[in-house]
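Here you go, one structure.
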């Protein structure tokens, strides 16, 4: 079937001459997108659930200060008479007290030592407390969005290896789950991308899905060495290290699995450029049986390999 | 297999004589539904998570004003004695102060400068603050519902093209992801719907799924040209532009993919009427390699095509 | 394959002699479960997200009253000196004021006209406001749980029909989507369950999955007539209405689809007992083209059938 | 196909000599993981949504006390002048009142009897009320995370049985749903893991997926006896109880299904060691028809078996 031999991956073969890698090690794509209309709010949401917690909390603090500085200015503009209980003598003192009143309104703590009087200040306070509640609904949504976003933390071996495997040769890399939660029904997809020169002398980039010895595992609580056997049907058959480099080969990896904690499917991506592929090496074992008969895995050694004699 | 040649799509062939398109460009269906019992709350939820943010916030503001106007009336009806700290002399003044007290109760800010006294006012305030909390729980649920709803923003080329493709002819259209988030395992389904006259001279609408050169792509970070090769098994084989128009042909498109950010499957639909299908044209390339070796895609040009000589 | 001819459905054939239907029209199972340990909280959650809104809100109101009645008693027990601002002269008056103070604490509105003084009252208030926040977190979770639970509202025709279909005979029923949201990739599973007498004269219940003319439709915005063609491979081949009744036949239906709004898969179940199956009738059309060329569906007529002459 | 006969399950065959079971009865893995960088927050989230409710609430109470003890110290450090309304004479009395003021600020109840005065106390209060709101957003997210996490409660029979089955012999175990919610499209995967001595005298652990008579059931509202027929293709063919014990055999079970209430896929795992497998026994029936014709299942008897004569 045609789609087995030449899978497009959404990349036209005209995009072939790219000299940088298509997919970064962290799974992001090396693509520049032009003509996108504008920075939509969605990207904002995506951004806010992706940043680290310290950054998220810092942004909330900054927004909190900004909102209160603004509402403090509004109350100051309305004037001293709008806030019963205020006792500052200078304008800066009054502004500062208005800011503190604003924080009490925005968070709905409402001590009442300072309280709005008159239509203008009461209207401003009514709007501010509503704004506070909506911002808080927003923050709650974001916090839960951050919580409920399942992210697989898969460790990929730094190098992929090409080495004798059973009776033939195999292309292989090793993966393990960094987290303590379980991944189930994990499957791998490996695609070889390389530049080829066609009959007309035109150099285009082609994509070949690589058959795997085992495309999926039911459980994934230890490490998994994903193997593509280089038999006669493999596009890697007879390819030397030099040819691999010359063709700017890149191996695109997609791992899918079902996350036990979130009950959702998770994905992770990475790639190996030809310079990250080593010939004639195999992975060192990282699983052993402890003295108490229990299975042990040492994730520190997942990248370790050794020369095949 | 029968279901491959004539797929019903949930539309009986008796619904065949419709002269307007079945599926609008934005993916909504052109169907009038009668006999639906009533506007259930569910539709309300659907509505509230689908409208734009400015509309959502405006509706919340209007609801906020309405609720406080109502509770303000309740407190005014209970009387001046129910609210300690109120000092309005006229009824409108008192009502306005009661409304502001209501906002302080509803948002649970509770400054306390005005406070309920006596059973009636206290009961009203107790109910209002509970109502406020529940409305806020509602709003939080809606805000999160809006956040967590994954929506694919796929750009479809304005026209579908029929042009020479490899050694034969192909029906094709082009799609790209407008968002910066990744879609994975994207698959396309294309169904041809056209009116046909059967032996008895009765004109009915038939549906034919079209085989695609590649029904799915693993990654979708650039554009994808979806191609149906018009070979001898295709219902489009030998069909001219005039015949296509005459049969009121419509191409129904469904795209599915897995959204990277939301970890959920997303769908998008569209259709091409025969008048949106051009013969003898092909798409212009929109992917090129930048001077720094990086792949570039220009989404502004996704609709661009050129005559095939 | 054995599993095609005799599918267990999780029901052992020893459960065969049941004379009531296995599956009710609303999709619930007619099974009595014994030995279940106790009413776990989960069932509570399930219950609270399944009941109608008026019941949900009523339960919240009752819980609110109960909690405040309780905390009111605590504050009264602590004594008048614990609450500054209280002015009741009789115990009932004091209790009522303590209850109102409790509502102000629980909802965190905290007017402050009545405020806790001393360690006992302050501790009680500190615990009550925390309780209030947690209850509210609970309520928010429940409200969102109620929102985000996708429920398909599929209308099934009241009767299933057995009638001439194309060149042979078919078992058929009709379904439509009652909601305005779209269901995509809807598939149907139909299983015939009937009592049979085996060689040893023992009467057991057997289950046969029925092949469908089309097991799934891509779109489901109109009605869908699900058809099982009664050919020679069908367990219904040559079966008369009397034999169907005698064998206590029941047709178990499962419909699955992808909900457009919730981006989740939804299920719905129902069954037809032999008495709900009519021979020699077919469904009346409910789809027609309006004067403006638009397709119309009349959901009121989904149950309508007519005698086949 | 190689992957059918020898499925790796993510466990290298070098991990073979483990003498303890791979998978515990409760579905957790018997693996020691080394080299994991540190206890990431994620594990914290996982922990907080997995613990029982009493523990969750207790932890919230402890955090509440700790935060208020801390902020109480801050207000005390700022001094008596920072809190209007405080009237303690000794430092402990003042600290206690500061703690109570802190609870009123943190929960945003803000009675106002004690209220912050001056920049230092106001700033601390502004930060505390923001902290309170964020903690509460956190708690709401956790509460909903606890609610929305679908967990299957499947009861597995304590023993697996090997007994005559139809004309041959079968390996079987029995499962039932402990909850009242429905599971749909439940499928089972059974893998035999056993130690084998290869030609070179090296003892390694191999994994064999076992073919099931029925790998899935559409409905799962009663019990399901999962059966692997031991025919000539089975790795259990001709294997005696002694050989099973000697090879440290373990049957790894994975059950998947779609939860009706949560509209999500759920998983559950368990295993049977060879000592939990009984030869020559079969399960006693637990399903019967009540006097009213209704089907009854007695979950108390799910483990019951009887000798096959």
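Note that the chains take the letters A, B, C and D in the order they are written out, and that residue 1 is the start of every chain.
Simple rule for what comes next: a contact is a pair of C-beta atoms (placed from the backbone, for glycine too) under 8 Å apart; a residue touches a chain by one contact, two chains touch by 3 or more.
What you are looking at is a predicted structure, and each value in this text was computed from that prediction instead of being measured.
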List the interface residue numbers of chain B and of chain C, divide the shared ones by all numbers used, and answer same when the ratio is over half, different when under half.
different
Copy-to-copy rotation (chain C on chain D, CA atoms, range 0 to 180, rounded to a multiple of 5 degrees) logged as 90
Distance between chain A and chain B based on Cα centroids, please, to the nearest Å.
26
Using Cα averages as centroids, what's the distance between chain A and chain C in whole Å?
36
For chain D, jot down the residues that touch at least 2 other chains.
104, 108-112, 136, 140, 144, 148, 262, 264
Chain B residues touching chain C in their complex are 2-3, 7-12, 14-15, 17-20, 22-23, 29-37, 40-43, 45-46, 49-50, 84, 104-105, 108-112, 115-117, 119, 122-123, 125-126, 129-130, 132-134, 136-138, 140-142, 144-145, 148-150, 189, 191, 252, 254, 262, 264-267, 269
Spell out the part of chain C that touches chain B in their complex, as residue ranges.
53, 57, 60-61, 64, 68, 96-97, 100, 103-104, 107-113, 136, 139-140, 143-144, 146-148, 153, 178-182, 184, 186, 213-215, 217-225, 258, 260-264, 285, 287-290, 292-301
Taking the touch rule as given, give the residues of chain C at its contact with chain A in the complex, in rising order.
108, 110-112, 140
